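So, here come the structures, one by one.
After this come two complexes, each holding chain A, first together with chain B and then together with chain C.
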Partner chain A sequence: MSNQPIDTSIYSAISTAIQTEAKRILAEEQVSAVIGYTTARRQGSAQPIVITAANDAAKLIFSPACVNNLAVYLTKAKKEIPKQGRIGIVVKGCDLKALVGLMGESQLRREDLYLIGVPCAGVLGSTVQPATALTSDSIAPKCSECDARLPQGCDFVPSQTPATPELEHKYAAEIARLEALTPHERWAYWKEQFSKCIKCYACRQVCPFCFCEQCLCDRNKPQMVETTPRPAGNTAWHIVRAMHLAGRCAGCAECERVCPMDIPLNLLNRKMAKELKELYAYEAGFEVQDKGPLTSYEEKDDQSFIK
Partner chain B sequence: MQKYISQQNLNTLLDTLIKQGTRVVVPHLNAGTPLYEPLQSAAEMITDQLPRRSAKEAFFPVCEDIMSYTKEGQQVSVADIDPSRFPETVLVGVRPCDAAAIPVLDAVFSWDYKDEFFLERRRKTTIIGLACTQADDACFCSAVGLSPADTKGSDLFLTPLEGGGYACDSYSEKGEALIASHQGLFTEPNNATALPLARPQTEAFDLKRVKAWLDEHFEDPSWDSIATRCVGCGACAFVCPACHCFDIVDEGTEKSGKRRKNWDACGFWKFTHHASGHNPRDQQPKRYRNRIMHKFKYYDDKFGQTLCSGCGRCIRICPVGIDIAQIVEEISKK
Partner chain C sequence: MVEIVGSTMHPEKQKHSFEPKIIAFVCTWCTYAGADLAGTSRMQYPANVRVLKFPCTGRIDPVFILKAFQQGADGVLVSGCHPGDCHYIAGNFHARRRFAVFRKLLEFVGVDLDRLQFSWVSAAEGGKWVEMVSDLTERVRAMGPMTEFKELALEEQWSGAIDTPELKEAYNSI
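Entry: the complex of A and B
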């Protein structure tokens, strides 16, 4: 499929709308802080920012480089962000699904948040320079199969509507390719991918659902998982990570974006999501669910795996 | 004295070395990711991408065994690793930012404790640097006193030429020796023009001024604004050519196991977590402060050098866009 441009002209008006709203809610003291994006030094780049003064609202932007899922800053893993009073946060649809998941896990309360939703045409993939134009090639793989371009249930959403064309579903295609392999071939694929892992734990640190105050994989008395970046420890870590996120992962793909070794981690998450949809009709969405599919039991649940 | 080597002869050189049993470590693609790794064939070498991890792992691997043990009944036996068995190595296509960091690492690994693992590999390695013709706006070698043609750390240095091939200059006995033992592959220099060098866009930092500020500002509110958003992963340290912290772990069963040396990072909360439960770096900005302090103050205090060669890797891979070049530039203006 040829490289198609993706229209991001709405982002300028969205940036202005975010600034105006953030300024208002800070000035009216509806929130104590707003977590959003601002420009960074490198051409076209963006970075997370926490603002507490109405005058700083002008720093906020939205652009194809606003890749982060800022929900991570609301978890108890990020103690540096004061969680006093209500906090405003800029969320794309995928980010919002993670917040909704955190609410379902009693980590956050809706009334403590002021959600500024972003109508999102897509953001850049991790392998391109930040100044790259958004196209069907440069777009993050997760955006190719996004069903959440317009976040629902926010306190404020700018009125623009994204016009992203239908794109080839990059994860679905890759999962289909991997599923067609023999188990031996599939194992060889993952072994090669995991061999690159250096245990920097960027995947864990950016994940909104990795909020354990002490990760099992950091324990050494007793050691649960080899901490060493060798085949056994790497494979164990990535399996633990994928399984712990099954039924929780909201698909923001931050793990994959930040992996300095390009390990396609979100493929594991998407595969688990696919299984959960087939087995339990569960999907991450905009509605808070009290119990996740793997934390509840019903007699009609599939039991064919018990042999 | 300058020599010329064609691309074809360089490939022949590497293939010959591989056949002779030399470990030839070169940038290549591993499952699509550019890395410095031992090659099977010179044809796999790439020169157009900065490897994602630095060349330090040729001497200081991500993970290495430093001892093994077995236990039979009450009998425990411990076996050391014999560094004399490390292979002769040629490290090829090393960018100046990576090569320049190697002498910086020499200083720390041969300081109060002589790290035999690092030093033995280092003794057995010849480094062939490659002038850099590609920079992006994360590159800042020129800001920390280096340049895309800096030969620091290289035994031989290749400069790509118009029309193909390389001008080859020697900067050490190891370099001379490599040329001498493969003389037929090197010819007299031709008059070809060098390809245009990369042009990093960052102005030189006033490193003295940066250090002077750091000397006085261990406590400063700007650390919070710099690093509150840091998520505490180890990516910046792990891709860095100069970061060199490691952790030692024992892994195995009650019957047998290994003692291993693994890369570690000051960004991890566990890095300074005491057995008592106390953590003197209890918040992320304190951990990030250590990264800056170590690179631009502590290392300078001890060894008179800066622990940063401006490769820009940490800037490119930081999950939250923390930009060390911008931070240091701002400090230099305080």
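Entry: the complex of A and C
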């Protein structure tokens, strides 16, 4: 497929709408802070910001470089963000799925949040060159398969509608390619990928669902997962990570974006999401559910694999 | 085929070139009691199985299966009470989902699922336990040793693979 441009002209109007709304809710003291995006130093780049004064609302923006899933700032893992009173947060559809999941897991309460949803045409896959125009090549693969361009159930959503064309589903294609291989070939593929891991745990740090205060993978009495960045421990880490996120992952692909070793981490999470959909007709992130697919059961569940 | 010679009390053991290590994670109330029944009824089954007893299948974390393979198991059996018979009411229903999903993950990573067996074996099913262990042992024996995880454990560092064109270019430009 040739490289198609993607229209992001609505982002300036969306930025203005976000600013106006943030200013209003801060001025009316509906919220104590707003978590959003602002421009960073390099041309075209963006970074997260927490604002507490109505006058700072003008700093907020939305652009193709607004890649971060800000939901992570609301979890227990980010103790430095004070969570007094209601907090406003700018969310793309994928980020909202993470918040929905966190609400289901009793980590957040809806009434403590003021959700500013972004009608999203897509963001960049890599912000190494933040001023890159959004095209079918530069767009994040997660955005090509997004099913939540217009976030649902927010307190405020700017009125613009994104017009992103149908794009190639890179994750789905890659999962299908791997599924068609023999177990031996798949092992060889993952062995190479996992061997690159340096156990920096950036993927864990950025994930809204990795909020445990003590991760199983850090424990050493008993040690379930070897902690050194050697192939054996890496493989165990990736399998445990995928398992612990099964049925929870919002598909924000932040883990994959931050991985310095370019490991296609989200493939594992998406494969699990696909299996959970097939097995239990469960999809994460659309509605707040107090039981996930792996914390509930039905008597009629498939047991064809059990003798 | 296993040829049985000698008295039935002490059948002569067939010599195989490969004796697989099978780890069985079992719940104490049903499968463990079933295995016990097989023993007290003097039923014969391969001595390749190492039984680890848990309060319930709900207590069997998928990471245990991973650990077993890493520590040298060639096959893993997970077994507990039949649906409806769990002594904690729903432990095995939860376990059933967890293992259904975990199998899919292992399969995607490239583990041959023939090395992993799940079963429901009640306290009265000594015969079924014998069948489960015998089947898995023979299947795994035919497959040969599970080398994947063992090879990983022997490999040292990732540095061998860190020769991407970008890194080489960066290195050369220093």
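To be clear about the criterion, the second predicted complex is superposed on the first by the 303 of 307 C-alpha atoms of A that agree within 3 Å, B and C clash if a C-alpha of one lies under 4 Å from a C-alpha of the other, contacts with A are read in each partner's own complex, and residues count from 1 in each chain.
Basically, a residue touches a chain if its C-beta (ideal position, glycine included) is under 8 Å from a C-beta of that chain, and two chains touch if they have at least 3 such contacts.
Just so it is clear, the structure is predicted and the values come from calculations on it, not from any experiment.
Overlay on chain A: chain B and chain C clash in the combined arrangement.
In the superposition on chain A, A:I198 contacts both chain B and chain C. When the two structures are aligned on the shared chain, A:L276 is found in touch with chain C, with no touch to chain B. When both complexes are overlaid on chain A, the residue A:W190 reaches chain C alone and has no touch with chain B. In the superposition on chain A, A:V225 makes contact with chain C only, while chain B stays out of contact range. Once the two complexes are overlaid on the shared chain, A:N68 sits against chain B while remaining clear of chain C. The interface of chain A with chain B overlaps its interface with chain C at residues 192, 195-196, 198, 229-230.
Residues of chain B that touch chain A in their complex: 30-33, 35, 52-53, 62-63, 136-138, 224, 228-229, 231-235, 237-239, 247, 249, 251, 260, 262-263, 265, 268, 270, 283-285, 315, 317, 319-323, 325-326.
Those residues of chain A that touch chain C in the shared complex are 178-179, 183-192, 195-198, 216, 224-225, 229-232, 234-236, 238-240, 242-243, 246-247, 268, 271-272, 275-276, 279-280, 293-299, 301-303, 305-307. Across the complex, chain A meets chain B through its residues 40-43, 45-50, 68, 72-73, 78-81, 129, 192-193, 195-196, 198-202, 204-206, 218, 220, 223, 226-230, 233, 254, 257-258, 260-262. On the chain C side of its complex with chain A, the touching residues are 61-63, 66-67, 70, 83-84, 90, 93-94, 96-112, 117-120, 132, 148-149, 152-153, 155-158, 160-162.
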